[in-house]
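One structure below.
Here the chain labels run A, B, C, D and E in written order, and each chain numbers its own residues starting at 1.
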Amino acid sequence: MSKVELQNISKSYDKQADVLHNINLSIEKGEFFVLVGPSGSGKSTLLRMIAGLEEITGGTLKIADRVVNHLPPKDRNLSMVFQNYALYPHLNVEQNILFGLRAKKVSKQEQQERLKATVDMMGLSNLLKRKPRELSGGQRQRVALARSVVSEAPLCLMDEPLSNLDAKLRAHMRIEIRRLQKKLGLTMIYVTHDQVEAMTMGDRIMVLNNGEIQQVGEPITLYNEPANLFVASFIGSPKMNLGKATLINQSLRVEDSLEIDMGSIELTEKIAQTANLTVGIRAEHILPAVDREATHKLEVINVEQLGNETLATFEVGAELWTAKWLGQWSIKVGEKVPVHISNDKLCFFDTDSGLLLKAASPVKEKEVAVV
Amino acid sequence: MSKVELQNISKSYDKQADVLHNINLSIEKGEFFVLVGPSGSGKSTLLRMIAGLEEITGGTLKIADRVVNHLPPKDRNLSMVFQNYALYPHLNVEQNILFGLRAKKVSKQEQQERLKATVDMMGLSNLLKRKPRELSGGQRQRVALARSVVSEAPLCLMDEPLSNLDAKLRAHMRIEIRRLQKKLGLTMIYVTHDQVEAMTMGDRIMVLNNGEIQQVGEPITLYNEPANLFVASFIGSPKMNLGKATLINQSLRVEDSLEIDMGSIELTEKIAQTANLTVGIRAEHILPAVDREATHKLEVINVEQLGNETLATFEVGAELWTAKWLGQWSIKVGEKVPVHISNDKLCFFDTDSGLLLKAASPVKEKEVAVV
Amino acid sequence: MTMSFGKKLVFYLLLAVSALLLFAPAIVAFLMSFMSSQDILTGKILPETWTLENYIKAFERFPLFGYLMNSLIVSLLIMIGQLLLSSLAAYAFVFLEFKGRDTLFFIFIATMMIPFEASIIPNFQTIRELNLLNTYTGMSLPFFAVAFGTFLLRQHFKQIPKELKEASEISGMGDFTFYLTVVLPVAKTSLVTLGVYGFLTSWNMYLWPLLATTDDTVRTVQIGLKQLQSQEQLNEWGVIMAGGLIVVLPTLILLFLGQKKLQKGLTEGAIK
Amino acid sequence: ACNASEDKEDEGKAEAKEGGKSGGKTEVTFWHAMGGQAQVALDEIVEKYNKSQDEVQVKAEFQGTYEETLSKYHSVGGTDDAPTIVQVNEIGTMSMINSGNVEPIQKFIDEEGYDMSNLEENITNYYKVDGKFYSMPFNSSTPVMFYNKDAFKEAGLNPEEPPETFEEVEEAGKAIKEANPKMKGFALQAYGWLFEELLANQGGLLLNNDNGRSDTATEVAFDNEKGKSIFKWVKRMMDDDTFANYGINSDNMVTGFLSGEVAMFMQSSATARDVIDNAPFEVGVAFIPYPEKEERQGVVIGGASLWMSKGKPEEEQQAAWEFLKYLQKPEVQAEWHVGTGYFAINPKAYEEQVVKDAYEKMPQLQVTVEQLQATKPSVATQGGLMDMIPEERKIIETALETVYNGGDVDEAFSTAVEQVNDAIEQANAARGE
Amino acid sequence: MKEAVMMPDQYTQIDLMKVKKKQRRTRFIKGMLFLLPSIILFSVFLFYPMARTLYLSFFLTDNSGATTVFVGFDNFKNIFTSPIFLKSLQSTFLFVLYTVPGTILISLFLAVIANEKLRGIGFFRMIFSSTMGISVAAASVFWMFLFHPTLGWLNQLLEALGFEAIGWLTDPDWALISVSISTIWMNLGFTFLILLGGLQSIDSHLYESAEIDGASYLYKLRHITIPMLSPTLFFVITVSLINAFQTFGQIDMLTRGGPQNETNLIVYSIYQEAFENYRYGTASAQAVILFFIILFMTLLQFKLGERKVHYQ
């Protein structure tokens, strides 16, 4: 319910200058805002600055239209869920949840009311007397969430809250957190290094690298139109296949080994004039040439059968390209396989600046008839 | 190059009896054999017994047709890569790799030769003088591998060697290990809790639960024909959708909420006679009813856009079922979406014994014309 | 790991011989404390007849029980004082950020290098001046602040996830409350370690209680033992040994009870 | 922390320092250095005294050896923790006077006109400094030579005629060794006091300025043949292999004597009861020896006297004085004498029946008295007086040990002289002299 | 209009600076409050005495320790020309030389054999650590008897084996060794506990890995155990060193510095000088020397030792 504004925020540590650099950002009330980026890119730092756990070196931070740079954490009216949950190991679930309320001297009765409501919502009612070490990872996670919910703070910060969980539980918790946030109308700032989480949970994603914003936008936008090479290779799994390319007339030569005819596709002036081109194509756009005409034959370096899909890896010059096909395909390592690379699915980047020159032609949004 | 045979192997600790129970298994020369199972199922114990680090409580262990129950580790002619690498922190990379050879008093010259060969293969040549703490996770992993390779032991054991790496590095190392094993013709026993690793690396997989073998077979077999409910929900991601079902004539009622007409599909006597049935269907077999006729309409609980695929979650009675569709679908939470559940893709299990009664009709293996 | 039978045998042999050698002085003392003087003077190894005479005498000759109580009080005082001061200081060094913190910490650590014995004279004079000779305070106060304890606890506190502190900051909890309600309970084990260690070392103190007491009513058991020994002119070894055993019994029991924790706690604090 | 401990401290202190009164009685703390039999005897006397009246309660506290007691007293002198009465051995006299923390008992003698003349003259001689009594003599001893009569018999020596001179001791030692190779002849504990006594017995002075009695001593007076003769004597016995070395440990020496390792040794008469009672053979007691070419001069009074602290309440001091007087009574001294081996400082005690009975049983106890009475009064037998004598003893002890362990006599002796002179100089400097 | 917008911003700028300063001050005060009890006690019982000791070392004193005459560096000159003090220094260094390596080697051996996973190992660990619970006074009494020239078990044993009895505490050639033996014994427990802890924190996988590589027991000891234990070893060496220089109790009870000052270790010498000879001045001078010795040794140890130590 709180709007968060960052104006020219920057951060330097004694030992490391410019951990964050001129961050300008506005997060809307009730928005689920996801922060992604490689390790060390400054995600946690940003979050902790918003929480007031880290001093702000420069710029202005506003929460709910109030400058809060100088306020200690407790006066910012927010809650935070830590990566390792930060549960007090010597307190039981109930005491953990109420810890903050007690510190704030909330009346006993209100404590109990809020506790009950929260605990019911999170399904923790019959774990109240357990110590954290007697809980499973997922249960701990929920306690940490409950602690944040019970505080009724309108702004909630989460730092990689799911990274310690196993895949199954993680999938489950993803849904729960999202549901809760919607229900309570929280403004959520959520740090993760997991792309699936980023893609599936956020209203908007911000990609951070080296303390600079790479792109802010809706998940699908980031997937389809990555602003630069970094975002392209960071968002999506398997990562986008990339290769250096030279354009001669309408023919594209990738990594000195792959010729792609651009046919009738119109290439802007910009692309033609870029000295060093990099092209990218998503794994699902290298198609098996079964129903389609084969554009290339590529040698298979590795095959991974995931059951419902098959990942084939090919060598393209110095690069390894991966294709992702639905179903189970019987391909053998060493075979040369005919594939179809749709030239309209290529993205073009300027190798030097890394910027996107042209995105792949939009995929048609598929719809299911809704009743 | 060593064959490994386990005959009636079992293991009890002082504090915990029957950690492993009557394991019978034969691993072929040069095979890449993967061991999976949930935490505490006995994977490490089994591996350590083969290595000679743990006493064998009962049964016979043969390596290369020789009974080795009584032999100390060093006489079993094998190498092992530990989950945490177990690098000697006070020795540099070279010393780490050569530790075993020195202990065995291999001649200086041979040490150097083997070192060079191994190091070149693993791309460690310019890290030789570094201490482990100065290496990245992936580099450490490679040193641990190199240590095992340099020993030239024909049998190699690995205990969750990739579990500490990040996703990208992990994908890379998967391929490298597999390549190395093929190249050296090693017999490999590989413990993992990661299904992608299990599915993509192993010639055969063994699923262990509670110290008992659940199923042994090729990855695809395990995916398509899980021997029981445990394997069904353990192999594959997202996990197989399961639900309790009752069969009345040819009509299947799942979780009291979904009616599936079995149409012309022939159900064996066995299925008809089973009191408690559980049916399962993989996420990719719940299809969007676009080109196909809709068999059901389900309410969407959650949608996850992964960019190249969309996961939709539906409520089916008490269970949550997930569908996985290629591409980007615009569905909203709360909508009722028409889907097609192919009745021939259903697996049938006996709820009480957990055993598979009938697997899904075989998927047609797709083939690409090979040149 | 599996170990061959022969290897096991060798280890047991080594262990048994070492244990015997190491414990011999204590065993000798134990045996002698049950011997009559006659047995001792004739160089017997085992008592001819086991007698409790020596223990009775030891208690009769000396207010050993009072000494034990004094030792207990002084050791407990020092233990509590050390726990309190060290934990407060360690808290500041770990959880508070302020100017000069690292310098102060360095100074604290440097005090470990000042031998107490080297400054014993002025300390004695101070205690005398403060009129604290022959008081429990005088015997314990100088040992309340110990760099070792601060250091040990600091190492343990550092293992408390920083997030606990941050979480409590966000929920608006003050430092002292956090120290009391979170740090102390969470670091219980390390407090026990320091407690046992502090208790053992103060129970075994020698020079200071020797100087700081002149009065039987506050004397500690170590000094009592020394007196017992210097007073028994004709080598009533049995009585002396009985006294010795009475003196070591409480600490041995405490040590055996706390051994595991102590070992773990001490190494952790010592190394990292 | 401070508060909590203060509470306890108050309790502790309350007990420790109730001071003046306890249960209506005036309490007198009495620090002493008496262990073994002597402690048993002393405790008995104190208990009797406490029961004999209901005005004064004496609390006797053992404080270790004389050195430890003295140093402890110095460390608390002038504070509330100081005892009412402290027992200090003879050589601590000067150090006590200099400390300024004592109440000379002359004050009480004068106030009451108490008659000190009924005490043994030799003893009062020692403790009268500049014509004034600072402390009350209590336990006085001299060193004597104990010998094993059975061993003498075995060696064909006359057990009733113990050796008198250094040379005779040596001869006896050889005879004993001959008869029993496992037994040594003589043991001399490395103890400064014994050196001083052997020196005085030849008429040698310890310090210049008349043993420090006419003026503060400025250097040693034993740097001569008399002093060295003692070292030489030991050396000769060592060469004969008739000397038993127990270093500074008196306990071990006594044990050695009792278990038949050595036939003769010198020690304070104070241990007489302990030795006689515990020996499984007949013990002889004799005068201490002297070099043949010298004449026997006799011994210096050893043992200790009792001092009163300054600054204590009038009442407490008075009570202490009462107790001190009690200790002089013939019947008390008689008991003390036979219970330990110390003299009776009040000669009337020898007429008590207890003494007579004891002499029947243990005629040896008489020797100590005889030796004292045979002493020729002189500056030498009056003994040295200075505050650094404890240090002198340490130095002499080290020198003796050096000889015991094969060191060169001349070197050890001259080093000792040098060191003692240094110590004297320093002590005088510290007093600003 | 523009200015109007700017104004509040400026205010907040100034405010922020002030607020920050204030916050810094309160943080400092809070930190000090937590440290205050320790700082006070350190000042009273550590820093002040150090200064006072230094001060005293320039004076002569009377029996109660009050200064009388200022003598400058005379006290230092005196002790450095005094054969007794020089002897005491020599004995102290010898004592350190005997006890520190002795303690470490023996406890290392004990820790290594007690680190095996064997049935009943807890019992042995208990025995090995027991001397930590035995006080100096009690231990001295025990050893005093063992060293007894006639009754002592050591001499009885020697005689039974046909050797000469030894004057353990009276023979100047033996006294320091005897005291060292008993000291080593007293220190074993603590050192053992720490070393055992160090051993147990070595990752067992390292040994398993070496086992598979075929390394022998001694090879593992030499190439894994010792290097991995080096930080712990470094710690115990430092602590033992400091402790050895501060030995007092056993001297006071066993030998009182004798024979011939052979065992007159520096702290005992300080004690005697101050509390038996009443020369607080020279005693303080000795204490100052002791302080510098320990400081120097510790620094030296850190300089030389650190390099060889392997930290994780």
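Following the convention adopted for this analysis, a residue touches a chain if its C-beta (ideal position, glycine included) is under 8 Å from a C-beta of that chain, and two chains touch if they have at least 3 such contacts.
Quick caveat: nothing in here was measured; it's all calculated off a predicted structure.
Enquirer: Looking at every pair of chains, which two share the most C-beta contact pairs?
Expert: Ranked by C-beta contact count, first place goes to C-E.
Enquirer: From the C-alpha centres, identify the chain that is farthest from subunit A.
Expert: Farthest by centroid: D.
Enquirer: Whole-Å distance, subunit C centre to subunit D centre, using C-alpha means?
Expert: Subunit C and subunit D have C-alpha centres separated by 39 Å.
Enquirer: With chain centres taken as the means of their Cα atoms, state the distance from subunit A to subunit B in Å.
Expert: 27
Enquirer: Once you find the CA centre of subunit B and the CA centre of subunit D, what distance in Å lies between them?
Expert: 91
Enquirer: I need the residues of subunit D touching at least two other chains; which ones are they?
Expert: 1, 75, 255, 259
Enquirer: Send over the residues of subunit C in touch with two or more other chains.
Expert: Residues 1, 41, 84-85, 141, 144, 211, 226, 235 of subunit C touch two or more partner chains.
Enquirer: I need the residues of subunit A touching at least two other chains; which ones are they?
Expert: In subunit A, 72 touch at least two other chains.
Enquirer: Which of the residues in subunit E come into contact with subunit D in the complex?
Expert: Contact set of subunit E toward subunit D: 37, 60-64, 68-69, 71, 78, 82-84, 148-151, 167, 169-173, 256, 258-261, 272, 275-279, 281-282.
Enquirer: In the complex, go through subunit C and note every residue touching subunit A.
Expert: Contacts found on subunit C: 161, 163-164, 166-174, 177, 182, 185-186, 188.
Enquirer: Could you please specify the touching residues of subunit C with respect to subunit E in the complex?
Expert: Result: residues 1, 3, 7-8, 11-12, 14-15, 18-19, 22-23, 25-26, 28-29, 32, 40-41, 43, 84-86, 88-89, 91-92, 96-101, 104, 108, 111-123, 125-126, 141-142, 144-145, 150, 175, 179, 200, 203-204, 206-207, 210-211, 222-223, 225-226, 229, 235, 237, 240-241, 243-245, 247-248, 251-252, 254-256, 259, 262-264, 266-268, 270-271 of subunit C touch subunit E.
Enquirer: Tell me, which parts of subunit B touch subunit E in their complex?
Expert: Within the complex, subunit B contacts subunit E at residues 48, 51-53, 72-76, 78-80, 82, 84, 86, 88-91, 99-100, 103-104, 133, 147, 151.
Enquirer: Quick one: in the complex, what on subunit D touches subunit C?
Expert: Listed in rising order, the residues are 1, 4-6, 8-9, 12-13, 15-17, 31, 35-37, 39, 61-65, 72, 75-76, 79-81, 83, 250-251, 254-255, 258-259, 271, 274, 278.
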